[in-house]
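In the two assemblies presented below, chain A is common to both, partnered first by chain B and then by chain C.
On to the complex of A and B.
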């Protein structure tokens, strides 16, 4: 999509008006109050101005939106298992091409897969990588809340260093919680030679621009979107947008895109805030403020600074 | 009309898939099945079929994609063997649970460990409880015929279930045999166009596939699957009758060989049945009333019909090319169940179980002879010394 065209669309789009349109994820689903995931999904679908077919990995979003005779989805939607939202949708998209060729389907149907970080970074990575490498005309959206929240807050490879989860608990022998860095999945996906980007629901226009751009590109696309989980993050239920904003402003969750191998930071915080502001409201990091974890926060801050500097260096031109 | 050729089982099955001209074929290589998807890929590359190929990065994804494609609304095939089927296991249940008429040739091969690429039935027997229809084939001809019929069975409005067509790895898949192809047009007319039922890609009527179902309705859902499976026998018989009119080749739920007046019999699947039939003939020439039963439809299992076919016998040996370690061979358990329910006026044949041919170990006429002679003694009153026993073992 031409940058000019995208700018024109961005200038016109009004979130308030968009939100009045009939949604494809309807009310009545059973996601927790304050969960970031349905907001992310709605924003992605608002920016999808095409007929769309969805697939969903097993997870919170899936179990809460389609329970026996009820569904919150007003567009074709399929769930088969946990690790294969990409492979399942790849099959759907392949059948679409077969039927399109025979004149049995309309042009310009879009395909989007949704998976949580467990279903994407961990168990679904192979299926995702395969689908992206094959170049199916689809967008894979990971809503990243940093742990297996559906099964009760277990550590995933998206869980940040230092987080207390039920399988990386902070205890007397290991006071620090998770001891490893997160996997940098967005970069891994970009290395498939596809359009890959990170977004946050706090920066809705940036998020929707990225969706819009992704749909304009033929082939595989990947979008990694932070989605606060108040159950797992041990936070209040009224601040998921505020928390995702802090994630961006502290550069814990930098907003950038990689297209044709070129990286571009899409949002630069006016003032880069200390990660402490993002961590402090979250119960999962509470133990990091105790004396036995002295130095851990500094280590995390140093890592964030290093990554941010590298991103800025790689980023093309001003943003 | 038909064309007589000399081809391998894999080539025969690849041609059956070509004649079915599916909309989507998802694939992943694994010995000894690879040859099927290789041949099919060249059909696609040369425009012989209209199919869209999907080269998956694993069998798990091949089956996941087959499920997605089938739910989307079109004819879908894939093929596998052994570890590939084992890796698909999770998705096999989902394909049948979602009533998706996927057709999948399974070239039977042993399961690891230790690694072995040769033919036995451990893979197919391991998929016994996945809700798939299973058709087993003795030869390239049967594998070809079963593959063609599989589309009609799978896509039948009464059932809409995935079908697995089994044939022996290497022994059939890689051996050249004489067989007869049907004409392309004949097959096309026989299979007919694909009828979609509630396709996901109906954009005007959006549907959700794959819901969460909790304790209130899951049990009922599974009973429905059981009931649908109950309709498969009739569908298979109906399709087989039509196929006989087309091809002149008769298929039932199983094959009976010299069984009506027999005293003793082997129950044996796939290629080893051919070897055994020769030995049955040899013993008949010596005045021993031997016979054979070769199951074709293994899932759903035709307990009643098989019970009826075997109940007059004095002794039966069920030959298993797979083992359920710590239990009897998987087919022995089925035959035992069938015989327990069969009405034999208080009499039923003595049953023994031999495990043979694992990991491609040759099954020789001498093996069949040894087992039939043992059965003959049991029929004459000799005691059963071991219910389950391995044969052809290098001691």
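On to the complex of A and C.
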């Protein structure tokens, strides 16, 4: 307990120092009130203490942070189409290396691409896979809110089983919402032989450490960060952080990293909570509590348990 | 709003952080209020605010920037406060 308190204290001291730095994402952006994504971006950028160049796939974050002559970014930032945030940044990184050789660029510039789950799991997957395989020195950050929220809550391959979206509606024909499992993108990216990790804004120190670690490695890196969306998740505006915490504590969103093919769980919840606690506050899962969906929640819980056990088994040593 | 002929070619924005000119405070229906006596200066409100609307000076929380705060309530929910007493409470706007 004592060490825990101490750790907490030192973390806070660092936070105090951080608060004296100039932020890299400015207010006046037009993300919805209580959105998880700007907090994720802010934390990722807070962990960087060197010049960064960013690209951003089309999505909520991109359309709301740069509307005509207003930009919320205080770093070079390139708006790309849905499918090519990784390809664009790979090109910029290549140009940077060429100019560096000629001595026309400073040494310590880092590259980060941001994309939502639609732009990452689905539309941008091939360009992302290409950039990671070629080993460009860049970090790709996916802020995963589990659907195409920007265009009106359509399902993506990151949408969890059972969620109600406008293209996987729970109704009389299909009472259970989305029928398919989410794609395990973090694993897919790790299988490119790169550093890949999952993070959550609730566990901000773990998140920032992962960004720092990623940037200490030369080559391609991938970070998948959960970003609650109160509009799409059908929930109150004040609980984005609480929901991201519950996602971790229920092991719905386990925090781990994979480096050189070795997996390490970075945060083990003190007490693993039932997934119900994460689902219940969200309107997108409301139908799962009606009689015609009996057994669906149990099925989801069983899957989460299985994945978590597998992760713990694979994890190298205790965290 | 500028006309398209007045914009920089290629839709380039040359001024970093120009969104600060666009105030989002009018979106608010609830306003956070700071009860300084319950504040332990943990800075969680500052860290978790999605709108960079918590003001800090010299490493300390000093209040809210109502020009940008959208009233989401995240800060109030995450504030640990002192001995169970929150240092941020949400109040309906206009009262």
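By definition in this document, the second predicted complex is superposed on the first by the 302 of 319 C-alpha atoms of A that agree within 3 Å, B and C clash if a C-alpha of one lies under 4 Å from a C-alpha of the other, contacts with A are read in each partner's own complex, and residues count from 1 in each chain.
Assume a residue touches a chain if its C-beta (ideal position, glycine included) is under 8 Å from a C-beta of that chain, and two chains touch if they have at least 3 such contacts.
Bear in mind that the values here come from a model prediction, so they are computed numbers and not experimental data.
By the touch criterion stated above, A:28 is placed in contact with chain C alone, chain B being left untouched. After overlaying the two complexes on the shared chain, residue contacts for A:15 are found with chain C alone; chain B is out of touch.
In the superposition on chain A, A:218 contacts neither chain B nor chain C.
Legend: residue contacts after superposition of the two complexes on their common chain; A:81 is shown touching chain B, with no touch to chain C.
Within the superposed three-chain model, A:313 lies out of touch with both chain B and chain C [touch as defined at top].
When the two complexes are overlaid on their common chain A, residue A:66 makes contact with chain B and with chain C alike.
Put simply, chain A uses residues 66-68, 71, 73-75, 79 to touch chain B in one complex and chain C in the other. Across the complex, chain C is touched by residues 12, 15-17, 19-20, 23, 25-39, 42-43, 65-75, 79, 201, 204, 236-242 of chain A.
Every residue of chain A that touches chain B in the complex is listed here, in rising order: 51, 53, 55, 62-63, 66-68, 71, 73-81, 83-84, 87-99, 101-102, 105-106, 109, 126-127, 129-131, 133-134.
Those residues of chain C whose C-beta lies close enough to touch chain A in the complex are 1-2, 7, 11, 13, 15-24, 27-28, 42-43, 46-53, 56, 58-60, 65, 67-68, 70-74, 76-78, 90. Interface residues of chain B, counted against chain A in their complex, comprise 23-24, 26, 50-52, 54-58, 60-61, 64-74, 76, 90-91, 94, 98, 200-203, 206-214, 216-217.
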